[in-house]
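The next part holds the structures, each set out as structure tokens.
You will see two complexes here that share subunit A, one where it goes with subunit B and one where it goes with subunit C.
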Partner chain A sequence: MIDAVRLLAMARKETIQIRRDPRSLALAFAVPVLMLIFFGYAITWDVDDLPLAVVNEDAGTRGERLVDAFTASGYFVVAVRPARRSDADGLLVRGSVAGVLIIPPDFSRRMSAGGPAPVQFLLDGADANTATIALNYAEAIAGRWSRDAVLSGRTVALPADAESRVWYNPTLASRNMIVPGLIAVIMSIIAAMLTALTIAREWERGTMEQLASTPVHRLEVVLGKLLPYVVIGMADVALAVAVGVTLFGVPLNGSVLLLAVLTLLFLLGALGLGIFISAALKSQVLATQVAMVATYLPALLLSGFLFDIASMPAVLRAITLVIPARYYVAVTRGIFLKGVGIQVLWVQGVAMLIFATVGLGLATLAFRKRIAA
Partner chain B sequence: MSEAAIQARELTRRFGDFVAVDHATFQVQTGQVFGFLGPNGAGKTTTIRMLTGLLPPSSGVARVAGLDPAAESRRLRGRLGYMSQLFSLYGDLTVAENIDLFGGLYEVTGERFRARRAWVLEMAGLEGQEKRLTAELPLGWKQRLALGCAVLHEPPILFLDEPTSGVDPVARRAFWDLIDALAEGGTTVLVSTHYMEEAEYCNRLLLMNRGRVIAEGTPGELRARLETPDASLEDVFVELVRREGGAVVG
Partner chain C sequence: MISVPRVRALLRKELRQLFRDPKTKRMVFGAPIIQLLLFGYAVNTDVTRVATFVVDHDRTEASRALLDAFTAPGYFQVVGRSARPADLDAALDRGSVAVGLWIPRGFAADLAGGRGATVQVLVDGTNSNTATVAQGYATRIVRSFGLARAGAGGTGAGGANAAPLPTGVDLRTRAWYNPDLASRVYNVPAVVALILILMCFLLTAMTVVRERELGTLEQLMVSPLSAGELMLGKTLPVALIGLADLVLVVAVAILWFDIPFRGNPLLLLAASAVFILASLGLGLFISTVSNTQQEAFMGMFMVILPLIILSGFMYPIHTMPDFFQGLTLLNPLRYFLEIVRGVFLKGAGLAVLWPQLLVLTAMAAGILTLATLRFRRTLR
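And now, the complex of A and B:
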């Protein structure tokens, strides 16, 4: 049914057209790398150098040592030292500090007496994420400082002591997690956008009618259009991986070959989806918009890239099952950070194989050589 | 007598309530240049699309090169050439790249392709222009290239939908010389036009108006029907449309 001569004629024609069109070349090569660089630097969940207002009313010296413990951690910097508590409130309201540390006048005295010596820590809860992290840091810093102060050099065996080791991303650098996921999200969007134009353009320019009058089979048209974009998509991912490793210093622990094979599966589906949209809508403007909406938000919000899928409500969790980016995000993160192999990622592989089959199937079905009115 | 190259029986196409082609019946003998005449919207393009398998008919049957266009369109497409109303080659491909593409799509390969390619370039007067982008060519040249691409595979039947619209009279004349040459080589040509002087070049004519066939015959026969042998075909056409009770558009 598929004839190699016709398929190659289509693929060659499509390649020439891409090469001659600066816009599609820019979309194919410049946009993904630029997006990766912009988002890679912009998105971070690391909380450090939080500006702190310190109101130290302590008559003794211990209060200042607690402040030192906060700044020594690297998570906080003392931005301002208001004289009175009432001044600190205004700073928090304006958002010029992330938190306020208030050490009462009797802090040193209470410490010496061995009794509880409370300090107050006010947080700007408007940014709940940062506030939560800052709170954990503050509690940890104060806790450790207190223990050291009480023990003053002696060691005591705690009855239950959690010895934490963080695997796969030992420094907990969020960039190591963001960049691989970002590659998956960007490719979801770019792949569909690339092919969204192809068939609609033929309808708009009238070339489809001439194409339709030849013996070319619709599968040959779909595959012929797909081939050059598969090459472009693979080059994009290679480029993005290189940028991730060199510019962002993300470790690539797993098999490059496995990444390539699973990327190919993902691209077949994502590019097929773009062709489907293009064939169904027959308008370049509309197809681009639909491709954008259909891929951008799901890939960003429901892929597990920004929000952990396990903590989503059951309904959303079910929806994520049909978001292809979800599987590809797991693939890039798994291969980059954990270095896992096919024995783990076969689940994603199967899911993306289904997606590729459905995507290309829909594209072929939606592509009608018949001219409607 | 062998089977006609093209047969249409009661061919009808509706778009909703609008009847674009209304029970059209006619046949085209092998080797004829058969002209479709009629104002814009008469149903010429819709009829051609049904005959080429691009559009399924609402009712009625057609046979082209012994095949049913609605059911056997893929087999049929290897045996016919089609040039649509609007220029529809790829403007962002060069002359040579367009010929390569259609050579591939029609599976014309190897030595045969090289020979056909040379023939197209010569026929269209495009030798030495192979590397020019098609979009940059004058319209008359584009149309000749489009014709060349449509007959790369030497189809026995050729459909041309208003191939000369917008082309200057000299280029139009040159285009009709090409059609004549193809017909002399045995190709059956069905060509639609709204230029009355072009009707004179056809062996037979079919007049359409508002989706209906209103007259068919040689240019001489149509004149005879008006009993005015020296009338221009344009007069004949206007008179026949008037008798039908329809308005002539354009």
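And now, the complex of A and C:
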């Protein structure tokens, strides 16, 4: 059914067409790298140097030592020391500080008596994420300082403690989380956009009639158009991975070969989806828009790239199952950070194989050589 | 110079042209709702029900009580148990759990004997955000469990040996504006801003670039409309639709998502009008430099991404490198987001938000002037 000569001829035609449009080709390489650099540098959830307002009314010296403990941690910096508690309200409303630490006048006296010595910590809760992390830090700092202060030298362990160990990303750097996921998200968008134009262009330029009059089979058309873009897509991923490893220092712990194979599977599906959209809509404008809407938001929001799928409502969780980017994000993270192999990632592999089959199948079905239709 | 009837005629033509296509109606009023629902439910950084794997080698009353304490607040949900630590490793590798809790043999004895019992918490760091928060929760739960047990006099004979409780600092925390620390309360108002800018961009591309593509721009140019009238007639319908979308989306945010609205609606409306003007100016500018809708959409996509990333929408500004923090100062979306969140969550008024509003107004004026100049030139 498939004739290799015709297929390659189709691929060659498409390659020539791509080469004649150097602007689009340059975009295909520049956009992913720019997005990666931009996102990679700008997005970080690592909370440090949070600006703090300190109202220290303590008559003694211990209050100041507690403040030192807060700043020594590196998570907080004292931005301002308002004279009165009431000034704190204005600072929080304006958002100029993330929290206010209020140490009452009798703090030192109560600490000397062994406590409890109440201290107030007001947080700007509007940014819930930052506030939650700040809260955890503050409690840890106050707890440790207070144990040291009360016990003053005596070493008494906590009755029970958790010894926590972080796997795959021991420094908890958000960049290590973002960059591999970002490669997956960018590629889902780029891939569909790359091919969204290919068939609609033939319709709009009237070259579809020429194509239809040749003996080429529709599967050959789809595969022939796909082939050059697979090469571009693979080169894109290679470039993005290189940037991620060299520029951002993200560890690539797993097998590069496995990453390449699974990327190929993913690209077949994503590029196929673009061809399907293009063939079904027959208009370049519509196809680009649909391709962007169909890939951008789902890839960004429903892939687990930044937001945990587990904490979504059941309906959305079900929808994520049909988002190819979800599986590819798991693949890039798994190979980059966890260094896991096929014995773990075969699930994602199978899912992407299904997508590739469905994507290419739909593309072939949607592509009709009948002009009248 | 500007004739009201002529502008009104053009306005009527624009609205009729836009809404003749039922797809546009759906896009203008349906898409914002869908986006709001999608963002409202999906953009969630609350760490709850983290999938947890438990390896309990102690199997005592104390270890079971610790497990109960671990799961009670709702942060962790036990989805797997095993006696073999290897199963825990495998579950973390697969990503089916994000946290592993390993209670070693002798936990109860150490606890009762006051020797400092230790459990191990393994956290999957691939999602650094969840990991940071989950780690904090886990440590807090285990410590307070231990303190509560020791405070209750301990269990068994060793209880007497337990150290006296270090009380010391009693940190009383309170989160203002969002006491439950729900991320939705922070994100949903921001989506309002996002939808406004998207709408303005799409609609300007549709009304300006499409006209050029269809070749009908020449017809408009030979009509008695002046350039100013033409621009006004082109931008007014978009601004009106933007304001309608604003009301719609804010209503859904308040009624459906229960987002508190503490400030003055008029202030939000005024700031939104200014922001819409700025977005329109940007959209118009991109439209005038693009020959096809295709190019316009690509251009807008390239502009909107940095605008979103550098706005503090989902990614906090204060953690960015200085260079990017500097860039955010040029971003109108940043100022509008501060206003939207201030009005929604903090009930902030003009007394607090005037600097943002001032900068936003200056930017809108600047962008609109540039766009008008550029638009005039393309007409010639």
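Keep this in mind: the second predicted complex is superposed on the first by the 369 of 373 C-alpha atoms of A that agree within 3 Å, B and C clash if a C-alpha of one lies under 4 Å from a C-alpha of the other, contacts with A are read in each partner's own complex, and residues count from 1 in each chain.
Going forward, a contact is a pair of C-beta atoms (placed from the backbone, for glycine too) under 8 Å apart; a residue touches a chain by one contact, two chains touch by 3 or more.
Small disclaimer: the values here were computed from a predicted structure and weren't measured.
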Open item on the list: Quick check for you: in the superposed arrangement, does A:173 touch first (subunit B), second (subunit C), both or neither?
Closed with: second
Task: Partner chain(s) touched by A:326 [first = subunit B, second = subunit C, both, neither] - done: neither
Task: Touching partner for A:297 - first (subunit B), second (subunit C), both, neither - done: second
Open item on the list: Under the stated touch criterion, which partner chain does A:94 make contact with: subunit B (first), subunit C (second), both, or neither?
Closed with: second
Open item on the list: With both complexes overlaid on chain A, does A:216 touch subunit B (first), subunit C (second), both or neither?
Closed with: first
- [ ] For A:6, select first, second, both or neither according to whether it touches subunit B, subunit C, the two together, or no partner.
- [x] first
Open item on the list: Looking at A:282 after the superposition, I want to know if it touches subunit B, subunit C, both of them or none. Which is it: first, second, both, neither?
Closed with: neither
TODO: Could you tell me if A:38 is touching subunit B, subunit C, both of them or neither one (first, second, both, neither)?
DONE: second
TODO: Check whether subunit B or subunit C contacts more residues of subunit A in the superposed model.
DONE: C
Open item on the list: Per the contact definition in the header, classify A:205: touching subunit B only (first), subunit C only (second), both, or neither.
Closed with: first
Task: Common interface positions of subunit A, toward subunit B and toward subunit C - done: none
Task: Footprint of subunit A on subunit C - complex, ascending - done: 35, 38-39, 41-51, 66, 92-95, 98, 107, 111, 114-133, 135-143, 145-147, 149-150, 162-164, 166-179, 181-183, 185-186, 292-294, 297-298, 301-302, 305-306, 309-310, 314-316, 318-321, 324, 338, 341-342, 345-346, 348, 352
Task: Of all residues in subunit A, those that touch subunit B in their complex - done: 3, 5-6, 8-10, 12-13, 16-17, 20-21, 205-217, 369-371, 373
Open item on the list: For the complex, give me every residue of subunit B touching subunit A.
Closed with: 15, 49, 52, 54-56, 73-75, 77-78, 80-84, 86-93, 97, 100-107, 109, 146, 149-150
Task: subunit C-facing residues of subunit A, complex - done: 27, 31, 35, 38-39, 41-51, 66, 90, 92-95, 98, 111, 114-133, 135-140, 142-143, 145-147, 149-151, 156-170, 172-174, 176-177, 284-285, 288-289, 292, 297, 301-302, 304, 306-308, 310-313, 315-316, 330, 333-334, 337-338, 340, 344, 347
